[in-house]
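First up is the structure itself, then whatever we jot down about it.
The first chain written gets the first letter, and so on, giving A, B and C; residue counts start at 1 in each chain.
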Amino acid sequence: MPSFGEFAQFTVAGLISGSAYALVGVALGIILSVTGRFHFAFMFTYAISAYAAAQVGESYGFSFWPALLFGALVGTVFGVVIEAMVYRPLAERSGAYTLLVIFVASLGLTIAGTNLIQLIWIDSASKQISGFTNAGYFIWGLDLTKLGLIQVAIAWTLIITLGVVLSYTALGRVVRAVRINPEMSLVVGINPRIVFLQVFAIGSFMGGVAAVLNATQTAAKPDMGFTPLFYAFVVAFLAGLGSHPVRVGIVGLAVGLVESWSALFMSTRWTSLVVFGILFIYVALRPVNWSDVRRRRRRQPVTV
Amino acid sequence: MEIQITYFNTVLIFSIFALSLNLLLGYAGQVSVAHAAFGAVGGYTVGYLFLEHDVGLVPGLVVGVVLAALAGFVVGLPALRLSTEFLILLTLAAQTIIITLITTSSSLGGTYGLQGLGPFTIFGQKLLLPSDLMPYLLVMAVLIYLVVRRFGESPYGRVLRGIREDEVVCRSLGKNVFAYKLTVFSVTAAMAGLAGVMLAVQNQLASPSLFSFDQSTAIIAMVILGGTGNLMGSIIGATVLVMLTPFFQNVLSFAPEKSSLWRLIAYGLVLVVVMLVRPQGLLPEGTTLITLGRRLIGRGASKGDGSMELASPGAGAAGVVNSMGPDGLDTDADAHALTELSHHGRLPDSGGDLWDKGEVVLSVVGLTKHFGGIIAAEDLQMDLRRGMVTALVGPNGAGKTTVFNLLTGAIRPDAGQITLRGKDISGLRPDQVANQGMARSFQDVRVFPRLSALENVMLAIQGQVGEHTSGLFLHPRATAQSERDTSDRAMEWLSFVGMTSFASHQAGGLAFGQQKLVALARVLATEADVVLLDEPASGIDQQWVEVMLGLIEMLRDRGQTICIVEHNLHVVGRLADHTYFMELGRITAQGSFEELTSESRLAEAYFGTA
Amino acid sequence: MEQHDEQTVVTNESGTGIVSDDLLVVSDLRAGYGKKHVVFDVDFHLRRGEIVTIIGHNGAGKTTALKTIFGMLPTLGGTITYSGEDVTTSNCRHNALLGMSYIPAERFVFSDLSVLDNLRLGATHVRSAEERDRLTERVYEMFPLMSERSSQLAGTFSGGQQRMLSLGIALMSNPTLLLLDEPSLGLAPALVAEIFDNVRRLADEEGLTVLLVEQNVKQALRIADRAYVMRSGRIILEETAEEMGRRKDYWDLF
């Protein structure tokens, strides 16, 4: 039976990791819910952001925050390019098979991209993000790190900002319109192509930020995006596609907590299984009402 | 020489992976990213049994394959009701769970895996060199190829392809889709397990990286490159992608480390490029070396890429009707087909008065369905009588399509009873309802696009020996005979609708009116006692409507029991022997079309009030 | 192909030619979904300020024709001329800018957005915030309920109220031509009359031209000037609303 101190510590750890899961869940969630693209290559834009940040710090002496921004922007560019040059052309010509075709292409991009990263940075097994000096604090009997607090702060700042943008700005209104009723958005004159690009930019940016923070904590590795992609799917689907970012974020926190608390009872090697298991059970047992989202997506006009 | 043989062995092993995945993904349309993980089950089983319990290759292989099949079953079970997106997630979870379990189990060697497997002995012979292993691998690969081909290029495979194209329609033709899916998941997982066993034997190692997600992707790339639904293509795909390693290393002289990375990059690029340039892969479905050769030489019709557009009904369809004499028959082959198909006697002119005297084939009592607060159907009572066309009409939202869905079991009613030829079929699944003798067509037609017109109709023929594994593998001659009979009967139905000259055309490439005729032939080929036609006259021009009406009248005169939902009242007036008027889920009137249209209240319901 | 009394001359490609008071001219229109052709060789025209209704059975191609005019579906044959300009190949964004507005038969509001957000989206192409506010005020005047409940989510309103909102959304783009698809669909009979009254009122007050697709013949004829009947993708009849209203019943038209 864990002590209260242990429990509190693991809870803190869960909140920190949960915030990271929240961020990627929101990022992938907005892409999935608005565009319907099975964007596996999120794993790639995630990783390339971390590598770009690490490299620019190493080669050009960027300090931490500019490197973080740079890395996230690189990921953003890749995300937008993938939508514009791969997904959209495929969607325009694949009709009923669009989902599958885009998934296969996305898978291909991921494999090619991830291994390209490994090839380019072949001389280093992993890369460090420089310029960040961590610090430890001991508050209320809990061990906290500066990095952990920053991760939580940034994640939630971004998540809440997105929520505000979606609810109170013109851009947010348009994005939600496309998500809720693609036909009507065409009717009122919205250009869904542009909205798709904007959404990919937002999602890739947020993912990139999460990646750099992740790499700061450990290191950048070519396949570092696999587990976050997975967790992002879990969080996004558990929360429900199209949910408010804060709600998705809370589900992310919940996943982080469940994972962390299970470490109290089992070896950490097994805790990721808990999350994978959650996804397996969720997918297996959910009622077949994915048709709502499918219906929404099927109504999506191919192009205009 | 041994090095070359090693590559050859690897090609054989991955051919097994690719062929089995093609059966699951290419033929049955189930997108799985867990294929390598099933291989892991096989490979780790044989390795663990060897290291811990000194178990030999043959028993270890058997256990490994069985466990892999079991794993396939466990994954396949939840997969049954999933759409593609969720299936991908499920198999992704399965792949990750299996590999994570393996990596975190100390007894399975962690990240390094089980090392030092072998040398194995098989039938007394020690397998030390690649050349020792090769004959066995060759035999296995050939065996798997034959089995996969038997599954895929057969009546069974036709059902799989139907499932791939449109599960719902498949069910409506009487196929137990769940059973097929579960079987294919289990069988292909077992084959992957076999490949996994041999991969471990070849490498004398079972490690997580051998069966990783990357590896699953590589196998997908092999299938996609070679062409989904094409077995030769899978072998070619496996060969090309396996040989990339020596290509990069020897031809391009990359360092080994870089070679393996370039190989993976190539896999990824293959997937992207194939999707962008030629999604169906190198070889179209069903192409074999023979047909490929024929096409290259220039003989043989191009069945695969057929996109024949015909704006007006072909001579066939219209010809059948136009050449009809007053008694509905003429002398050419189509008429012969008609008499062949006659099972029932012809009834005298059945008008509205004679409706009450007809034999009740389908009886519905108290049928009710609510969706939350919305009444889709309320206490419906209707009869369909033999040799009559019964029509369901009503304004928008009256619930007519819901009735078809309730009758065929696509939706479970809240209350009520449906009796077909005296047997209670309430609550049966759609495939069971079809087997009992009621079949439906769909308002949006829904032919199986990548199957030929003939294959579309063949899928509807009931009682085919080759559609079940037992018949397929244990009774080859009966299967072949059944297939010939099925083909003949299907051709007769195609002939009835006048589409014989399009039998080998891809249904998706036909004009919409032609697709409607094929779909009609398909539903008729079930030889169901009751045929439900959903908007038979919609989406087609006048000439085609005439053809459809003529065919339906012919069917009715032959004694077929038909129910139609139609919005085109002109069509209803012409065809219907009896009409039910529905409003907001209730039947509020019935009778002959003339009776109904003379009631002012119904006119109000239909056309509104000022 | 049917011949109408020729009051119009279809303009040629460069836009010159004799133009009468026709706002919309559709000629030999062929439309459908990919392989499925649903509309065959359809001709009709609308004069400015007219309310014209297209009636016919479900699946006759009425909605398809409407969507094709608006540019949501590609034209498979024929021409569409709007205010003298050839819009056969225009997409909906362009047509919206030209002054067309389309209200679908189903899912005609953004259900998870507030009334105000819905209206603002209707004004997507409106440049200035002042203009947008003015248009919003105008809609509020016409539909006071919208003003009272402007922050309520559209999906929580009743069917009839959502229909009103859909009219409001269309008005936000300051349209000249309103393409209305089955406004009576799913509405209780009592509300149907109210909706049609609103449409008539809008047409009169704002000088809108309206092309109305309907199954509810009686209500449509109440407010329409002329009517076309479609069956199985073709126009089988054109009459004035008065003439058609005098018919005993419409069974043989459907």
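Criterion: contacts are C-beta pairs under 8 Å (C-beta built on N, C-alpha and C of every residue); 3 or more make two chains touch, one makes a residue touch a chain.
It should be emphasised that the depicted structure is a prediction, and the values quoted were computed from it without experimental measurement.
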Central chain (distance from its CA mean to the mean of all protein CA atoms): B
Contact-richer chain pair (by C-beta pairs counted) among A-C and B-C: B-C
Chain centre separation (subunit A, subunit B; CA means) in Å: 35
Where subunit A and subunit C are represented by their mean Cα positions, the distance between them in whole Å: 42
Rounded Å distance between subunit B and subunit C, as computed from the means of their C-alpha atoms: 41
Contacting residues of subunit A [partner subunit C, same complex]: 95, 170, 173-174, 176-177, 180-181, 183-191, 242, 299, 301, 304
Touching residues on subunit C, where the partner in the complex is subunit B: 32, 35-38, 40, 57-60, 182, 184-186, 189, 192, 215-222, 231-234, 245, 249-252, 254
In the complex, subunit A residues that touch subunit B: 38, 86, 89-90, 94, 97, 99-105, 107-116, 118-119, 122, 226, 230, 233, 237, 267, 269-270, 272-273, 276-277, 279-280, 283-286, 288, 290-291, 294
Complex contact set, residues of subunit B against subunit A: 31, 33, 77-78, 81-86, 88-90, 92-94, 96-97, 100-101, 103-104, 213-214, 217, 220-221, 224, 257-258, 261-262, 264-276, 279
Complex contact set, residues of subunit C against subunit A: 34, 70-72, 91-93, 96-97, 101-104, 107-113, 117, 120-122, 124-125, 169, 173
